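Presented sequentially are two complexes of subunit A, the first with subunit B as partner and the second with subunit C.
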Partner chain A sequence: MHRKILIFGVIFVIALATIPLLVHDTFYLRVITEAIMWIGLAITWDVIAGYTGYLNFGHGAFFGIGAYTTAILMMRAHWPFGLALIAGGLASGLTAAFIGAPTLRLRGAYFAIATWALARALQQLALVLNFTGGPDGMRLPPFLNPEFFFYAMLTVVVITFAGLWILLEFAPFGLKLKAIREDEAGAMALGLNPTSLKIQSFVLSALPTGIIGGVYAYWITYIDPASVLGDLVTDQAVVMAVFGGLGTLVGPAIGAVLLFAFKTYFWAYLSDYQVLYLIILGAVIALSVVFLPDGLWGTILKYKSSKSPMPLRNDTGETK
Partner chain B sequence: MELLPQAIVDGLLIGGIYITIAIGFSLAYGVMHIIDFAVGEWIMLGAFLGFYLHKGTGIDPFILLPVVFLVFFGVGYIFQPLIHRVLSGKRGNPVLMGLVFTFGLALMFRGIALTAFGFYTHSIPAKFFQGSLFFQFGNFFVTIPMIRLAGLIYALSITAILHYLLKNTDFGLAVRALAQHKESAGLMGVNAKKTGSYVYGIYVGISAMTGVIIGSIFSINAQMGADYTVFAFFVVVLAGMGYLAGVPWAAFLLGLVQSFFLIYLSPSYTLLAVFGILYVILLISPKGLFAKGV
Partner chain C sequence: MNSKPTVLNIDSVTKDFGGLRAVDDVSFKIRQGEIVGLIGPNGAGKTTLFNIISGYYPPTKGKIVFKGNNISGLSPFKLAKLGIGRTFQIVKPFAGLTVLENVMVASLLRYPKKKEAEEHSWKILEFTGLADRAYMQAAGLTLAGRKRLEISKALALEPSLLLLDEVVAGLNPAEAAKTVELIFKLKEDEGITILIVEHIMRVIMSISDRIVVLNYGRKIAEGKPEAIAQDPIVIQAYLGEED
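Moving on, here comes the complex of A and B:
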């Protein structure tokens, strides 16, 4: 079973890596790169929300911290891109560890509102500070090489996906997080240390997000508080993960690809009806919450396990 | 120093409006445990209904308030079963599902409003309350626009009516019982679904009416919703989620914070302060200033 997944994964990544050889149209390459980026953002959000059960409504902040750190180090300190990128990821991870300790004591709705408020506060801070460029944002040196950014984004997201897969699906770490999600007091009674595990999962969610933000900043070459620290990054990641299926890694990735493809189609071909995009997106979210509470992938998994002749254990450990 | 009384008066006048933005929201949270991301959109939709009714009939917006309330009470009453379905049943994470569902609603409403009403900014002129009161005590000057005073009086009367409804009627008793313990209230014969529908209807109705008031004090456009969602969250968290008695104090505090930042500091720091205070309050006392939230 494990070997099958490994072989399938390797073939899939190789297939993805050959895309720039086949697709020469810059527009499509750009769309695919961004789709890969959203996969990364959706799965990293799912680590803290789907696996650990803490709804982070400030995921965009980590993206923005990574983007701004990379931009500031490259522009003001003239660091090379690679180093600045790593620094951006570390800055995100450290922020998560630092704010996680007090914030992760809150539960449910309180955690959601606190992270949301913090992310909005960071956005306002970036608007009034001088070294972030304020509302004008920051420009990075243009580096117009779509293939480079495709491979950079692919590398970051594939490493993130593989790392999360190993940690959450194979290693006991994933089970520990799920134990916290299901019953935090019970997990503590089993000898787990929820505080430390929650902070670890928060950092695990934030660090790759920061690196993705850094790649995004250098790729787009222009960042401002609204584009990288605004609500939209968080909102889209949340919607993608919920639509795809929480508590899995494949689900959010599928959700990211589907919703991003839909969004791009709208913006590219139906730009006169951009407002209609809001209506349809809103309707899709509301309807999928009502009719597909497990998300697309969760529903497929459930259907498969109900068809299977052998009772399969599902996510929550109940036998069906 | 000459501006201090004016800053306080402005803060209190604005704070009054924040009471009505947040009080229905807090009531809905207390009874149904829903965090409604669409609160600002209800305000926006109500404002536009008021705007078009006023345009069509020429009746003063303050007289149109009951009509707006009734229409949106009906809308809320119809929407509630859907929300009830999202929040109950065998779902892993009702809080998340509620948040995401209402977030979807908010996006949809904003999109519909942008399509139907366009990007323009309007205002709803109220003929009854024009001009302003002017006071002078030695060196201090205070100006009170009549329309803002009317807004404050509206907010205080809504609060009083709600207080009467909750404390002195059978319906209020049922609502408070539901907020305290849903299962026990059910055993005592309280119909959770029906009462929930009324509560959600009242919340949506109050929000919509407040939209009309906001339209005659400030201005309205299809994208205004998000700002008021922020203010509603701030007030409700500060007051303690679901703790109604705390709402007026938290609302006045928000009004004062805003007017002091506007007069003494740069307005660009206002939102930073609002979010910063919100985060710190949540860390120090998640159940609000009075530690009475649910």
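Moving on, here comes the complex of A and C:
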């Protein structure tokens, strides 16, 4: 089972890597690069929300921390892009550990409120501070090479996806997180330390998000508090993951591609009705929660498992 | 009377919730290989005492000594590592996971590799009679199945002391008999020391080597089942006072 997935994954990545050879239109390459970025944002959000059961309403903050850290280090300290990117990821991961340590001890809505507040506070901070450029934001040195950014984004997201797959689906870590999601007190009796596992999960969610933010900043060459620290980054990642299917990696990836394709089509052809976009986004989340509580992928998995007979004793592969 | 070493020593344990004294200066010992029954009317403090022993509440006063170490106030996951397994009166299955995955979570404590944890879980499920439902979602189990899953998860920890909180109550007579048989097997085959809370007198009387009776948080009696059944203080606690 795992070998089949591995082979499929490798073929899929190779197919993606050949895209720039076939697509020479900069607009389409840009759209595909951004779609890959949203896959990364949706799956990382799902680590803490879907697998661990803690809603993070400030996911965009980690994207913004990565973007700003990369921009500041490149512009003010003249760090090379690669190093600044790693620093952006570490800054996000550290922030998650710092925010998670007190708030993930508690069950309930505290974590959701704290992450939302963090995102709003950071946005205000970026608006008033000098070294972030305030409301004017920051410009990065233009490096106008769409192929480079396509491959940079693809590399980061593929490594993230593969790393999460190994940790969450292959290694026992994912099972432990799900146990905490299902019943924290019960998990504790079985030798799991929930606080420690939740913080690890949160850092695992935030660190790659920061790196993705860093790539985005250098790619787009201009960031401001609204574009990288606003609500929309979180909101879209949430809708993509919920629509695709929480607690899986494939679901949020599918959700990201479908919703981003819709968004692009909408903005390209129906831009007179821009205000409708957020309304539709809201309707999609409401409808998918009511009619597809398991998301698209979760519903497909359920349908498949209800059709297939029970696996045999010796089939030690994943059944989910 | 019994020369076996003491596994658990509950030493003058008191627990207050605000002004309410839920457990009041309770002391007793459990020796290796024993099954000790803990009984008492509703609200006597049995589950509270369980939660103190398994680390969910720290005691207000007194201490708990497990195999010579003071464990009062240690967190549940540390106690699980030391060898204390427990079940919950209100069962806590991981509803969205399969029965096998439920047990694997516990098996990972002693078998950190997933493959070995899975092998171990199969052994546990065969022992507890849930192997045929291994790929079922835990949410789909009957109450009897869920109680059995609770025991399976606690057993997968390979505990030396097992705390069973009402694993028989609510089952029909056939299921209850099977669970009682399972508990005997744990004692005889696995040599696990057991502290069990149970409401069904017939079960607790037949299963226990010794019984401790709580009422209003205090220990009012301790002894062999036959002696407890005759004890006027115990009868009074259950049936009320005669005018």
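By our rule, the second predicted complex is superposed on the first by the 310 of 320 C-alpha atoms of A that agree within 3 Å, B and C clash if a C-alpha of one lies under 4 Å from a C-alpha of the other, contacts with A are read in each partner's own complex, and residues count from 1 in each chain.
To be clear about the criterion, a residue touches a chain if its C-beta (ideal position, glycine included) is under 8 Å from a C-beta of that chain, and two chains touch if they have at least 3 such contacts.
A quick note: this is a predicted structure, and the numbers were derived from the prediction, not measured.
**Student:** Counting only touches as set out at the top, which of subunit B and subunit C does A:Ala171 meet: first, second, both, neither?
**Tutor:** After superposition on chain A, A:Ala171 lies in contact with subunit C alone.
**Student:** Taking the superposition on A as described, I'd like to know which of subunit B and subunit C A:Ala49 touches: first, second, both or neither.
**Tutor:** A:Ala49 sits against subunit B, while subunit C stays out of touch.
**Student:** Which partner does A:Leu192 reach: the first (subunit B), the second (subunit C), both, or neither?
**Tutor:** The second partner, subunit C, only.
**Student:** By residue count, is subunit A touched more by subunit B or by subunit C?
**Tutor:** Comparing subunit B with subunit C, the partner touching more subunit A residues is B.
**Student:** A:Leu281 contacts which: subunit B (first), subunit C (second), both, neither?
**Tutor:** Touch partner of A:Leu281: subunit B, not subunit C.
**Student:** Jot down the residues of subunit A that show up as touching in both complexes, subunit B in one and subunit C in the other.
**Tutor:** 247.
**Student:** Any idea which subunit A residues touch subunit B in the complex?
**Tutor:** Per the touch definition, subunit A meets subunit B at residues 49, 53, 55, 57, 102-103, 105-106, 108-110, 112-114, 116-118, 120-121, 124-125, 127-128, 231, 235, 238-239, 242, 246-247, 275-287, 289-290, 293.
**Student:** Provide the residue numbers of subunit C that touch subunit A in the complex, in ascending order.
**Tutor:** My answer: residues 54, 56, 75-77, 80-81, 85-86, 88, 92-98, 101-102, 104-106, 108-109, 112-115, 117-118, 122, 131, 134-135, 153-154, 156-157.
**Student:** Provide the residue numbers of subunit A that touch subunit C in the complex, in ascending order.
**Tutor:** Per the touch definition, subunit A meets subunit C at residues 170-172, 175-176, 178-179, 181-183, 185-194, 247, 310-311, 313, 316, 319.
**Student:** For the complex, which residues does subunit B have touching subunit A?
**Tutor:** The contact residues of subunit B facing subunit A are 33, 35, 82, 85-86, 91-93, 95-97, 99-101, 103-112, 114-115, 226, 230, 233, 237, 241, 266, 268-269, 271-272, 275-276, 278-279, 282-283, 286.
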